[in-house]
């Protein structure tokens, strides 16, 4: 299938991965410099999965994500400015500053605000897929989760239900070998996440997650199966996060040899080499792409830094959906935006 | 001839579901045993027979997976449906607590208002000789969670009107039904009052956040929900014999809460007894009591009294259970206490 | 293995099944007559599983059970009087009247009071097994659950952990084809519960649950594996409940043909036939066993009916473990046993 | 020379674990990332390095399975161990709620007292710019469940003494630690006070159910826990400048609760402010307020005041979060309110 990819699409995959990489590298510097609030979970090394999977999705298709949501947000098409502003907790962020790094999302662009309870999004993705099945739409839902998620009850209940109802959902596991500091094999009795799918009669494959075109091909198959109504599929991508789990984690529970081995398979380097070998990219073009990406990232961060914090009254907004039929929620003696203004 | 006949709560709920499912194709029921041909229509027969009209596609029978039931309902709601999910006993809500508390209640807020979750979650509450894991009244857990509304009808009229309002609401609504109020036939439920009402043929809703005054009275206000409303009415009957006039108020929804109705009643009576079947310690009655003392203390002639289940799990033994759940007699004696405890001097 | 069973053991299996059957038949009559409080979930038809599995357990081994706990309680050796008294909510019951039909158990006899949250006992069984592993004991824990349990997150998390830690636990699924009114195949994407074990790398078998000697053999293997430290195993027994799910359920969601087919495999009839063919039981002996069992059941029910209800003060007892070091739990204005006396 | 040095809460907890694990072989830790060589010692480094002394057999690293962590701890406790389980953030307790509420809290009761569950469940609470799913203070949920004890230390001395008491207790104890009080180094936690104390070298416990009076004062009582204790102390400092003497009481455990200490303080001050970081609506402060009004109303010079988080999920934005969590300034101004609101006339 790879051979049939249109050239500009192959370049697009490269550029998208680069956008995520450059953005996250930059964000991490700023975080380390104390410029960003909260915490960050980054995905350097895993860009091929986010990009390869989302490449095959329409805007109307849904994705759900996890605490490690930056790459998914960028790959699903949320403008970098909105993403950066959310990391900076600004009102211009995709969640108006109330979500942050672990909750990036923009439903209008097909990304459910990310859920940071491990596996919490899996039953919800099932429900999103159910809604599309019932509404007669051919939209597909892709549910991203980590290797750590498969120990949870939520994974099991969600996957089982998706199988029972043959829902148009694709379960994408980014097996980056660790859940926080815990190596996969310490907590999984089976060597692959894909094996778990047997319990649900769900077809599953394990795929190299460090190479964007095979990533894309595996996703394409799963997504078009789901779109045709053939039910769920699980795709496990073997990948690696270069950075720490979050914040200041220095990965002391891994060894350098392991890190080096995975680093050699860097998806961006590989795709660049592939494009160069195919004559689709020369040094000059590569430099130009890099410059464009750097400028876009710069712009996004400038935008975010200059943007406004949410108004104080935002604290009280959006607890309930707007425009309800019933009475408003009022409690004597409770502070509310209105009273305090 | 064509006199409208009084119906039970179970029937009222079934009618509400039927009418809403006919009215709006997006309404879908999700739960265990809810639409099995030859089955029961859920643990308490509320959805009995609905699969004949709507099919198993809209009456979705699930595996035993409370977290997935709630999670799938959340996702379906976000994706454009209006799910009515249910768990067979409210005790099993604890199996779905992450989905309910961390997801359903918070997604709208943490996404900056990007999405709506028009989800109803039905759950039966109350002790009926099933013991500790099937007899809880856990409403206070949800009362303490911003982002959920809570409805708790005490009779057929309210059951139907509130369920329709809940289905049409754009926020998650936890819909609590009392096992002893369904009006199910079959084996006798010793403590179950018979509660039937004639309900309008026409479409109506009971707006969330509006109390119902079941009985007017000038001497003392009893605030209660679900089964407790009926025990309060029994107590009011008894006390009427002594010339004591009890006002019985049912907030019908705990969130939003009809403070206006309660304040008005306190203006009249100056005395308040709160009754609930959930544990007294840390129960929602404590919040009402604390708020009344802090904000409406000037209206009070005596301290607010509370009557509720003791701080023990529901026991199986029927005599112990009878001692566990508040009774009409206890309501009577607690009202006497309220009347005796005048703030008659400066504090 | 069956051939090597000692004769008296084979008779014992028969008698134990009969004790459960006669007891439950009797209890149901009383329940229908309004003599028993609450609800009952009976196990007529499934006796071979309870008896065949428990036959291989020592008193010190643990079992955990479900809402359908009568058969397990009897098979694990809880005296009928204690069981009957509990169903009658009497102080002489194994849980002093505070548990009831769904919570039968006697820890000293190796049965954890049954847990009526479907699958709720699976993680706990895992923990019981962990304690024995850590204490260096060779006690085994057998965890009974129904086919309905396998959809739950608790099943998944418990089974996974048992596998990761190679705990001495045996997962016994009584697949009686229905979870309440829901047929197994409506909510399971795979045809057998045993298939689910693949997700955990746990060895699993599916066995005829309507024939007590094969039941026993399969359990024997799983239990001795666990006892030797070889880790968990899952045994699925195919079986059928003759009665309704609970109370007044009349099984309208099943058909008569199905009920007839299973009824023909009745485990008690089969074992009786086997014993007769082997010359171990004649009509007279069978009649005597039946008479003894009937007398025991009669006695237990008489005992239960005559027994006392718990004292009112029991309402407040046993919320916390007795004899604590800290302060007692006291709250002003709260009723307690002491105040009200 | 050999002066004892002040230690942090994280260190105090680690010392308590170390000493108890040495003292009693049955103590086992169960949780995610708690004992990985080269790892962190749990999300907040409390168990850092313990696997070197005790091995991974007693520092049991689990899959991400909160329900199984709690369930396995229950089973292990019943089977003779004394497990100390933990979840990485208290928000994840909702994933284990069935095990906690329906099993751990009820098994002793519903079995008629047959068994004991000497289980400690540690969980970090509090908002620290992680947003809605990592910033809750959910203690009230457990406060409302009979069968659980709840400890919530505000400093190193209490952390160590309470954890030892909890491990030695035969009932399930939920042990809540505040993220901003661990005293972790690393990136600055803007709102974190620096809390270190010298703790005795000798073995000691803080019995569950005994309050600590952090500061004595005659004008008003502030009752708070965890981070709020330190904000109350700051507020007390500020008010001392105006000649207002604030008494700061920390119950240290919510169940059991030291009513004697609170009553004594009310005798002195007649005024009470309750502060907690959990939501105000339906929070444990409501129960204390309602009980004080009903049972100790005669001691009150003014209605009980409550200060706590508003009824919204924890927001991510730091300025919004700062407005969400009660502050020392708000404590000061609420105390002024308490002082202004005399019951100076007959009601």
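Should a chain be cited, it is by its letter among A, B, C and D, assigned in written order, with residues numbered from 1 in that chain.
Definition applied: contacts are C-beta pairs under 8 Å (C-beta built on N, C-alpha and C of every residue); 3 or more make two chains touch, one makes a residue touch a chain.
These numbers were taken from a predicted model, which means no experiment stands behind them.
The chain pair A-B and the chain pair A-D differ in C-beta contact count, and the higher one is A-B.
Relative to subunit C, the chain whose mean Cα position lies farthest away is A. Our note on geometry: subunit C versus subunit D, Cα centroid distance of 40 Å, whole angstroms. Per-chain CA centroids place subunit A at a distance of 35 Å from subunit D. Subunit B and subunit D, compared by their mean Cα positions, are separated by 32 Å. Residues of subunit C found to touch two or more other chains are 95, 97-99, 103, 115, 117, 120, 151-154, 157, 160, 164, 186-188, 319, 329, 331, 333. Annotation for subunit D: residues 62-63, 65, 67-68, 91-92, 95, 98, 102, 109-110, 131-133, 146-147, 281, 291, 294, 311-313, 315-316 touch two or more other chains. Across the complex, subunit C is touched by residues 26, 28, 57-58, 60, 62-63, 65, 67-68, 70-81, 83, 98-99, 102-103, 107-118, 146-147, 149, 165, 168-171, 205, 207-210, 253, 255-259, 291, 294-296 of subunit D. Residue ranges on subunit D touching subunit B, taken from their complex, read 91-92, 94-95, 97-98, 100-102, 105-106, 109-110, 131-133, 140-141, 143-144, 146-147, 278-279, 281-287, 289-291, 293-294, 297-298, 300-301, 303-306, 311-313, 315-316, 343, 345-347. Taken in their complex, subunit C has these residues touching subunit D: 62, 93-99, 103, 105-108, 112-113, 115, 117, 120, 122-132, 134-135, 141, 153-154, 157-158, 160-161, 164-165, 317-333. Taken together, the subunit C residues at the contact with subunit A in this complex read 151-157, 160, 163-164, 186-190, 195-196, 198-202.
Across the interface of their complex, subunit A is touched by residues 32-33, 36-40, 43, 61-68, 91-92, 95, 129-134, 186-188, 280-281, 310-313, 315-320, 323-324 of subunit D.
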